[in-house]
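Shared between the two complexes below is chain A, which pairs with chain B and chain C, respectively.
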Partner chain A sequence: MEKQGQGQEGRRGECAETCFDLLLIEMIHLYGGRPTQGTTTTTTTTTTTTTNATEATPKANGGGVQERRPSGAQERGPGEAGAGPGGGPGDGLESMGFQVGCQLGERYSKSRASFDDTLDIVKFLCKDFWTEVFRKQVDNLKTNHRGVFVLYDSKFRWLRSASAGKMMGDNASAAAVGAGSGGQPGQGKTTVGDLLRFPCGLIRGVLFTLGIKAVVSADVASSLPACSFTVKIQQQAK
Partner chain B sequence: MPRDSTTLTFVIVGGETPIYECEIKAGAKKEETVNYLHEFVLHASLDNVDEAIWTTQSCYLKQVDRYYDLTVSAYATSSLVKFLLLHDSKNDDGIRSFFHDIHEYFIKIMLNPFHTQTTKITSKHFDEKVKLLAQKYLL
Partner chain C sequence: MFACVAVVGPANNPLFVQTYRSDNVVTGMQEDPIKFHYILHCSLDAFEEKASANSKTRDNKDSYLGLLYPTEDYKVYGYLTSTQVKLILVAQTFNAQSSKEGSVKKVFESLHSAYIDAVSNPFYTPGKKIQSKSFEKRVDQIVSASA
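After this line comes the complex of A and B, so read on.
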């Protein structure tokens, strides 16, 4: 399976999707860990993460995978982890998603300049942006017309190899990531919540670049490839 | 004022401040500083650009302002970064293509994670590309 990416001078580059999955898992292990996890690379204090970043980024970028996102995004991540909102664990991932979202938002909204209103922007996110990034559209969009949107995707691409052992969110249990991950069991278990942090940041970034400040959270329904993103709009620039 | 050759000034405004300015002359010599009058006219036209954004769904805003024989054409991206071009000749299609191609290069610059909407663009490569495109479409 291959994903399309933009190469130099507008030539579309391609990257195997499994490489992308591996990269995502490495990123989560490196930048998204909770303080109680065992590995030394998942600390969240600013001083240590910046030094870890310089050693760790060659590993995270392993194999020279150059896909859609700029390679500099990985280096920026830990530096932002302390400066990000709140400064809690996993904020690095969200901030990285935010930055990538800003840039992708600029790129994919190239053909249209102005949007009619917030609903129009969210529709653009659900249709055009989702198609470009995840190769399908969002299945269901709900709104309460008062600034809260729920985007429901019944088969979220980045969760397609995740299997839930038990419900995610507990310290004691974790959703193991299935075939193709190459992760070692028992060392820094990845939960589904971690996998969804980056997409939350992505959505927040796209909305920000189009003029909407929002807070995004993700939720997994009982059937695993399905997930929903809740977008709460705080303030509109337009 | 009599003009021997067409003078063009191109400014990119991100947020509130200009992040890139370039004076393009038909001759080969490079101009380091931007003509003050041109800068003034361009900045004064920003209000008109803001108004024009609401009237159309496309990025290209055509002519937004005039000052005697100088016209200002504008182009706005969806993140509200404005490209302004001051010119004294009429060249609608050329200007539209110019803006379109500049947008491509601009996106490439913006992919730099160290760049924000307000960082000045200092890349020589971008500068050369702007001049090349100007030669191709506007002169």
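After this line comes the complex of A and C, so read on.
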């Protein structure tokens, strides 16, 4: 009985995850691989339909991002200031991730009363938050004690079904993207870097709600499901 | 019975202020909502004091800060979330027995949940006032349930 229940639960989870994978691909398709003027009204309507379909899931926030664009730009760190409103391709994805991160950060830190310092917040991100979102903890956390943290995940869930083959194409170097660096994705091609834009924004959003301004960039140097996020802290929590 | 509920953002910006009809104990007249704004403003200093005192004693890690300060007619309670959002409740003192510490904490916890749900709305702009009918309704329910 119990086993069957678990099996059902697992299957349901798998279904939800597959849906999310597909949604992420669609999001990248709409926001990621396009030039600047890509985020027009047509994309808005499409996203809003998705919003209605997936109510109350974190991914359902695409519709709101359009309205929020100007204020989102204000919140950005100096590294991104150059991009300007509507910035480079993939900008929308990052700010979408940021908004979702803000909301999830608020929600998952509910049971925590207060954080001691930055390290405490990053630990919360690696343990509690990662478990809530990716069902596992970060495998390795490195820091130079001067505001740079490297989070290494050997099986990053959202890269499960990504392959390093053709998809990356000649643009293997473009896999290193950042909130600040604004790496150019291959025109018309989805890179692993595009897949990681949303999670970059997600991490930045969580840290932002907890009082840290940071720039997050992602790297897939080694074999694929593994990836590392570099968090550069710009302004510490009080 | 609570006379006022307020949510104040990390930069001490008011996000939500709701006052409920309350009559002055002495004069029997209805209280001016502005007075509550004054009380809330004063309570922000008390917040900082309490929060810094709490962070020094490492064992006391609770969002609920308890009674911030009593005024002549009201008691002000505070709750500080991990994201530095301040929730404030102003309670009338004359029926102080009814508002036990534990029940105030419960009210804060349900307010916190309501706040999280309100800011999770994709159409809400962070840092702006919460103008949501459903949030208002929920706060009303929480307050009337605690009365």
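Everything below uses one rule, namely that the second predicted complex is superposed on the first by the 148 of 238 C-alpha atoms of A that agree within 3 Å, B and C clash if a C-alpha of one lies under 4 Å from a C-alpha of the other, contacts with A are read in each partner's own complex, and residues count from 1 in each chain.
Here is the rule we use: a residue touches a chain if its C-beta (ideal position, glycine included) is under 8 Å from a C-beta of that chain, and two chains touch if they have at least 3 such contacts.
What you are looking at is a predicted structure, and each value in this text was computed from that prediction instead of being measured.
By the touch criterion defined above, A:Ala214 reaches neither chain B nor chain C. Contact with neither chain B nor chain C is seen for A:Leu224 once the two complexes are overlaid on the shared chain. With both structures placed on the common chain, the touch criterion links A:Phe115 to chain B and to chain C.
Legend: residue contacts after superposition of the two complexes on their common chain; A:Val133 is shown touching neither chain B nor chain C.
Residues 99, 103, 105-107, 109-110, 112-115, 209-211 of chain A lie at the contact with chain B in one complex and at the contact with chain C in the other.
Chain B meets chain A in the complex at residues 53-54, 56-59, 76-80, 103-104, 107, 110-114. On chain C, the positions that touch chain A within their shared complex are 10, 51, 54-55, 61-63, 80-84, 112-113, 116, 119-127.
Chain A contributes residues 10, 70, 72-73, 75-76, 99, 103, 105-107, 109-115, 209-211 to its touches with chain B in the complex. Contact residues of chain A toward chain C in the complex are 51, 60-65, 67-68, 71, 99, 102-103, 105-107, 109-110, 112-116, 209-211.
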